[in-house]
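Attaching a single structure in structure tokens format; questions to follow.
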Amino acid sequence: MPVQLFVTCLVNSLYPDVGKATVALLERAGHEVEFPVDQTCCGQPSFNGGFAAEAKQQARQTLDVLDATEGPIVVPSGSCAAMIIHHNPELLHDDPDYLAKAERVAARTHELTQFLAADGDPGTPVAGAATTTYHASCHALRWLGVLEEPKRLLDDAGVDRIELAGEDECCGFGGLFSIKAPEVSGAMMNTKIDQIEASGAEVVVGVDVSCLLHIAGGLRRRGSTIRVRHVAEMLAGDAE
Amino acid sequence: MEREQFLGRVQAALRGAVLPEIDGPERPPQVTFADPVHRFVETAAAVDAQVTRADSAPEAVAAALRLVDATAAGQDDRGYVAWEELDSLVPGLFDRLAAGGWKRIDATVGTDSRYEDHGRIGAASLGVTTADVAIAATGSVVLAHGPGRPRSASLLVAHHLVLLPVERIVSSLHEAMARVEWDTSNVVAITGPSRTGDIESILTLGVHGPRHLSIVLIG
Amino acid sequence: MTTFRNRVQDAFATGVPIAIDRGARGHYDKRVKAAAVFPQMEDMRDRARVIRAEVIASLDEVLAEFADAVAARGGKVFFAADAAEANDYIVNLARAEGVSRAVKVKSMVTEEIELNAALEAAGIEAVETDLGEFIVQLAGEKPSHIIAPVLHKDRYAVGELLAEQLGVPYTDDPTELNDIARKHLRSRFLSAEMGISGVNMAVAEDGAVALVTNEGNGRLCTTAPQIHVAVMGMERLVRTRDDLAVILEVLARSATGQGLSVYTNIVTGPRRSGEPDGPDQFHVVIVDNGRSATLGSRVAEILYCIRCGACLNACPVYRHVGGHPYATTYPGPIGKVLTPSLYGLEEWHELPATSSLCGACQEVCPVRIDIPKLLVELRQQSTGHMPRSIRVGLAGFAWVSTRPRLYRTLTRFVAFFGRWWSKDGWLRHVPFLLRGWRIDRDVPAPAPETFNDWWRKRGA
């Protein structure tokens, strides 16, 4: 059975390398990867912002595309996976047709590292990887329980991983929050970056590019040499 | 607002309330310990109570006197308030206190002489009580107030001394709640001496209530 | 009124006291430790949620039962529709009984109704007796945390304040500061004619109110004065003693990491004949003040709250800004839902937006209130207040999202032209909407080729 890749709008436009690495990992694990080309945005930014009508439009589009496919749906983003798994059924509770679709699609959807971990991915050693630390993205952690899976995958791949103090503290992104309250958001990000710098890691990894772009933007502003990578890139050996 | 009008507003609101489905356990989990007495000794010590064990009532009196003397060392004002039933629970305690220079203060507050009475009772530095039940899970002693059982004995004093038969120790707060008689105006569960962390979360003892809580277990 | 953002900017400009982050994290860590040594914690939380849910769902009946039980034990119940009714009742009672001084136990509901101001206006001295609240009152400030009101001050600031206000020698030793407050307040306890408390939880079947404090001021206020007035939000009820035990099991553990607070004080009426001490009168003032509107709304779940403060301690926003920029009685995650629902979303629409929806609050809530969901609900009701650029932008993006061919064309267009706007993968010029971002972050540029295009070339 094929695996459907829901790549997310941010990966599509900003970080296609994360998508490529995801394809490589899934194929390496023996899956046939399909990419439904009509996918767009899952609607999470609208949903979180309180724009229910817009979120519903995007959710219906996503569900139409994904429900027409078969096999597990894999998402290299904790927050978009949480949108599809948890928030779509909530959002569409008064729309019987789409509620059924939302529940079918939710049941087939997996965050990437949880999918790989359940798959028993043997882990291909990553050569010469730098000291790495893991930031737990909030939605992946609290809505999906993603924490041990990415760490185990990194460890199995022989990545030199050190724990991050305050790994479960929000980086301050929060989509519209960072636009509406940039000072608080920035303060949260700076705390996170202080923690990352204090860890001594050369690379910080996560499972959600939205948090990662926020952290990367702050690190660059500081002139830091710490690199930011998605777990998929690390596992696929694209750490540089 | 009149009661019926107020409740009518609540009823009307309930008709429009959007509430999650109620889904969960019908009973709380059980909290039980194989050896509640042992557990109590640990938990009470952990909340800064001083726990002493005595095999019999006479031993308890002796232990109580040692605690009282140690805490009041160098102190001239030796007034105390006590629960009346201690006379039968630990016979001889009041006499021994008197011999040690302790003067028992009447803790009764009159309706018309409340503030004068407060002046008298406020001079006591020691309060002696028993407890109706004690909780092993948290190291708490539970006191139901009533005739002969002034609240001030566990409240206004610097040192609160509790003489507690061990068979009154139960595992959990639930058991304690079930056992205590609420046919009174006030029940209190006391878990260690008065404390605060209000200033920079730095622990200090004895804010408004007693700074010292001693518990003598009997049996 | 200033905006939350302005107030945060001001707070950052003057420097948010480090004590806030340290204090909040300290409480948070204690909660984690307390839960770790109490294996029943998760099941107890589940049960606590059910208890609160059932009470809220039949609140009218539970309130009636409670009021009857209080009366049966010789107490008086007053139902207050709003703050003014509650304050009037208490002020009139104080006047009728010749009260010149009232001692108070820290209580959020009396902060909410601004009872102290009403008493002072009537010439009645109101003395806060919780150490932290006493300090806040001396400083003429507002509490910054619902259980640790003076979290924003360090001991040096407290030392200076007491020296200045009470004329005592300066000290920054917490034990000495504590002794100063104890001595100062003791005479006030013993001479006040009225004690005023809040209610942590009331028990309907017994007509009892439970008050938890660590210092003992709660017991003093409800014992020494001849009149005890307990003020409670109308939702602060459980049905039975057994249910009270469940709430107490999770309350202190969540708040301060204690198994129980030092004094769990259960008041079951005025003193009875033969009892040596206790108040001669017991009054309960049950306050609506916006709660019935909240109950009738889509965020009624917020009324499950037992005011432990755990969500404040867990909240990264709270840790960074403290309680004051919220400009409301109830700061932090709980306040972001409660404040707009009690006082109106029109005025308070900003608060629900000031969350990253990280979910740390829900994770620690002893009654598992889905705060992120309630925040999203309030955001849905206030999108009109979002900047026009965001509204138009999101609507446009959603419209494009439902047209996959157009979406592909536009994202390809952005990828193509992105090279002119960027350098080394970062935007050279930040769009106006993201101007706040520029303060401390760079903004990534679109990649030169979308994943979608890469995939199609790969297949070709």
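Quick notes
Should a chain be cited, it is by its letter among A, B and C, assigned in written order, with residues numbered from 1 in that chain.
The rule is simple: contacts are C-beta pairs under 8 Å (C-beta built on N, C-alpha and C of every residue); 3 or more make two chains touch, one makes a residue touch a chain.
Remember, it's a predicted structure, so these values are computed and weren't measured experimentally.
Overall, the chain located most centrally, as judged by its C-alpha mean against the mean of all protein C-alpha atoms, is C. More C-beta pairs touch across the B-C interface than across any other pair of chains. Note on chain placement: the centre of chain A and the centre of chain B lie 53 Å apart, centres being C-alpha means.
Between chain A and chain C, the centres computed from C-alpha atoms are 32 Å apart. The geometric centre of chain B is 29 Å away from that of chain C, both derived from CA atoms.
For chain C in complex with chain B, the residues that touch the partner chain are 19, 22-23, 26-27, 40, 43-44, 46-47, 49-50, 53-54, 56-60, 63-64, 67, 73, 77, 79-81, 85, 129-132, 135, 148-150, 153-155, 158, 174-175, 177-178, 181-182, 185-186, 189-191, 206, 208, 214-217, 219-220, 222-224, 226, 234, 241-242, 244-246, 248-249, 256, 258-272, 274-278, 280, 282, 286, 288, 292-293, 295-301, 370.
Looking at the complex, you find that chain C touches chain A at residues 4-5, 8-9, 12, 316-317, 320-321, 352-360, 362-363, 373, 376, 378-383, 386, 390-391, 394-395, 397-402, 404, 407-408, 411, 414-415, 426, 433-434, 436-437, 439-447, 449-452, 454-456. Contacts from chain A toward chain C in the complex involve residues 7, 9, 11-17, 19-20, 35, 37-41, 43, 45-55, 57-58, 60-61, 65, 90, 138-139, 141-143, 168-170, 172-191, 213-214, 216-218, 220-221. Remark: chain B residues 1-3, 5-7, 9-20, 22-31, 43, 47, 107-109, 111, 114-115, 118-119, 122, 135, 137-140, 145-152, 155-156, 172-174, 177-178, 182, 184-202, 204, 206-210 touch chain C in the complex.
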